[in-house]
């Protein structure tokens, strides 16, 4: 007997929240099967077992946070009798399923273990998809390649180890050759098992078959058109929003609630990971903290970012350029301008940097637009997405439309508004859509350079680091000057390095004449 | 009304002094209609003209004769069999042909076709394809003239079929009641499409029935352009004199089908032949020839001139541009934006 | 503007920061910490803070004064001094 | 709910002029007759009788029988005569007693008034104004009660107006007469007796735009004519339940003012269309379709329609009430749109088959 424990799913993980069990006591599991879903500070992760056997007692209830290494369940080896059903686990035979004695009929009626029954009940629409297509059934007729074990069990229909697939005469509800965990995986992934061709023994569908299967389109969330649009604009995953409308339809108010929770629900939620140590004394070790909703919410945005960034890195061949820009002129100009102004009207360097980035995009239009359908589509306007980090974690990229046409003052005003509203979760739909180029500035966090990940389908991301004083040689003289490191991450499918270089050079040149910006 | 004799136009004691030139002009006017429509038949057969097209051939004396009684200030409201009315009224053959070609130079900018010819400048209020539908309209034109004290006549053509429509009776009553300056010209060609007069009217003496509304009404030989002209002049004079609406039943006949082609199963060939003997155009030509007013050479010259005129009209219509599709929605409402507070 | 004492100045600073960052946790900030770093005020947040402070105490805060607004303690000192001068 | 709602009047000011819808209409005609000698009124019993609903009472005495013309019961003839007179340069106002009777003149309205301009290639505008009573609510049964304005609003070439307020009753006629094209004015029978103060600053109105009669944020109640008072009453009821309803008065049924309606729904994200016409193929259907075409992604709930039951309007009071859109039905529809349970007592469930979504 071995213990299935809370795994460490990352270097910085020291505890995890058990979100859901995917198995029940008595289930046969194989090495590599998914056992449970664990919520970490970063994501919900399906965790697998490393032993084969029968699931014994479940030691931890869903919703409980436990340290890494805490036993979550016991996995008994095959010979140990099932404590609950009073029958022994079968031998480890691929293609075999344990069946409770009470359902020992060898008819073709689907023989589902408890976990699958539950999964089927929870996922009724998906479960219906499992109705086998006749063609596939025929293809898996065991008669075609009878195996001794299968033949034997057919002779002894009351044997407690009923083979799978069961008798092919069972009609439409015949069980497909797939284990419960594979089935569950299929349900989770929305894969119709009847459409798969099993590559396992006896045509059995394996976990890999499911993983490689193209999942059908995600089931459509019932949502009003406006809610759908709003969710898209706000970057909210509709599937994660609880609908309160007619028939559970997601309405705009539900999306806003979800958005507020995402953007501003920090107050009552658990602490940020980076503050964990300071509040360590408040941490219950493995005490049940059933309300996992705040994690869900943060996780939604995290997952959205994860998806987008993964896609970007997967699809976009990035290239990176960097240049250090002398900001003396810009700094002097800002100082001069700000001197006469009240704080409310003052400009920060970011406004100038943004303006320069936008105007430079006008000069190098090949970086301003979208990669679509295998080609670059230049944008007619320069709409700059501003990467805004949220205090509770996560990112939003509200958009300043036609940024190249706005004078620095107007740009500054927009910037202040957008950042403020982004952090309050009050962005309007129009402010979230239409970016043609994104600018990120991590300078305020003190780093000198940021090499970003492009926001698809855009083709470039401009980064500015901190404005710092550095020794600077000019005209044969060495002096101390304020400088900023401007970087460019660009899509190599759309442009080559020379174009990117032209862009950064333009940014530099523009910043030398701030009064013209 | 107890009399069963319909009122007849009295033989004009004092015929207008018909000069040779006037007689020739009447002939030319009728011939223009005849030749124009004959060309239409060709063009329709060649699919250059589409839609419904109702030919006036055989009835030319009515349009031409009545028009002699009208001035340029008077108004004409017509039916869907209105090529003759339009031509007689002076609408250029070219504008009518272009209209039937669906061209922008057409008298309705290609939006009306054969059944909807309009010429506001000539006070030709068209081409109404709802049987009887033009009658109330004509009453309104006449009402406006009466209210504004203008001595104008509104002449409304309609067929015997309209006698079964409420709009005829409503209008006849209204016009007589209000003593409107309206000249009602019923072109009784004996058939409402394919239904013979006796099969759609309980009392086939239409002039008699119109008289019952209290208006002056006469039946007229619609195959004799002089008779038509005389009656129309008298009636128009009466209308102008303020004696209320006048009604003329023009007994006429169409030689061709109701619309372009039909099987003519509803009437005898012999009947058609009988009426053709009274062809108003050839009849007049014969009379003029007999009176030595029209030489064969002059006839040829006239025919050539008309043919050239019609050729030119067809040619112009062929060459004319079509209204651009972008202008589809034009003229649904008035383009002129009124000044609104 | 009436002169502020240290306690008043500090609570004014904290209030102002809280207005910008509602869940700012001052238990994390030592008096001599660079509060912008600890509380993650970006340049826009900082500008808002300058705006709030200059409004509330009624003194002008120029860009040249920014270096004096780095820690809670030097910001407190700055406010006390400026309000003191004015009266 | 058959009480006459009198919320159409704007706020009272000392200089306001007391009037009724009927008087406002009459005043509008009097003004037109005085200011333009081309204007005349024609219709059944408009002269000596003073108008079937008393709208033209006294005009004969002032303007004489030439300009206040009693017409024979020949809807087709006198409407057509109006069209002809308009062609000849007059500015006729033709009154038809009720919209049901107007069917006798439908040929003239559709085949001539609406069509001549286009059919003549722009040569013949028809500057006629045709007024008629529409709507139910007075136990006049099935041949005097229908709301067929939607049919007319179907016809290109016509402008269709539905004055619902005293101001519109008083001031819509002048721009209608100034319009070079045919204008139909539908006067809801239940409005004639509505009385109130004509605001001192009331003046010329435009006939191109719908009007926001009551601003709100949660749901747009889109109504016109006789349904406007009901929609306003419903908005009042909804407000007491915490729902802020915006009330749009369409005013012009053709051409429809998509912008005002759309702007409202783009803000409220929910729409309830109130239309005394039958639901099938109604104006409400048109508005609903346009909202779906133009504002699909603004909609946070299906568009609700509160229309008349699909039945010839019956005589018996209870039946007639049940057949027509009522305040309760509008309130219930608004609640459904907003997604809140219909308050008990609002009688929503009972009304639903008649005026509600499933009807």
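Letters A, B, C and D name the chains as they come in the text, with residue numbers starting at 1 for each one.
Here is the rule we use: a contact is a pair of C-beta atoms (placed from the backbone, for glycine too) under 8 Å apart; a residue touches a chain by one contact, two chains touch by 3 or more.
All values reported here derive from a predicted model rather than from experimental measurement.
A.B. asks: Out of curiosity, which chains are bumping into both chain C and chain D?
C.D. replies: The common neighbours are A.
A.B. asks: Chain with the smallest distance from its CA centroid to the overall CA centroid?
C.D. replies: D
A.B. asks: Can you check which chain pair, A-D or A-C, has more C-beta pairs in contact?
C.D. replies: If we tally the contacting C-beta pairs, A-C comes out ahead.
A.B. asks: Select the chain at the greatest separation from chain C, using centres from the mean of Cα atoms.
C.D. replies: Result for max centroid distance from chain C is chain B.
A.B. asks: In whole angstrom, what separates the CA-based centres of chain A and chain D?
C.D. replies: Taking the mean C-alpha position of each chain, the two centres sit 55 Å apart.
A.B. asks: From the mean C-alpha coordinate of chain B to that of chain D, what's the distance rounded to whole Å?
C.D. replies: Result: the chain centres lie 42 Å from each other.
A.B. asks: What is the distance in Å between the mean C-alpha positions of chain A and chain B?
C.D. replies: 81
A.B. asks: Just say which it is for the chain contacts: an open line, a closed ring, a star, complete, or other.
C.D. replies: It is a line, because the chains touch in a row without closing up.
A.B. asks: Between which chains is there touch?
C.D. replies: The list of touching pairs comes to A-C, A-D, B-D.
A.B. asks: If you look only at chain D, which of its residues touch chain A in the complex?
C.D. replies: Touching chain A: residues 269, 296-301, 336, 339 of chain D.
A.B. asks: Provide the residue numbers of chain B that touch chain D in the complex, in ascending order.
C.D. replies: 75, 77, 106-112, 116, 118-120, 125-128, 130, 133, 135-145, 147-148, 154, 166-167, 170-171, 173-174, 177, 330-336, 338-341
A.B. asks: Please give the residue numbers of chain A that touch chain C in the complex, ascending.
C.D. replies: Listed in rising order, the residues are 266-267, 275, 278, 335, 338-339, 342-344, 346, 348-350, 391, 415-416, 419-420, 443-446.
A.B. asks: With touch defined as at the start, can you tell me which chain D residues reach chain B in the complex?
C.D. replies: Going through chain D, the ones touching chain B are 40, 66-67, 71-72, 74, 76-90, 92, 107-108, 111-112, 116-125, 156-157, 159, 174-175, 178-181, 203-208.
A.B. asks: Please give the residue numbers of chain C that touch chain A in the complex, ascending.
C.D. replies: Residue positions touching the partner: 21-23, 25, 27-28, 37, 40-44, 47-48, 50-51, 54, 61-63.
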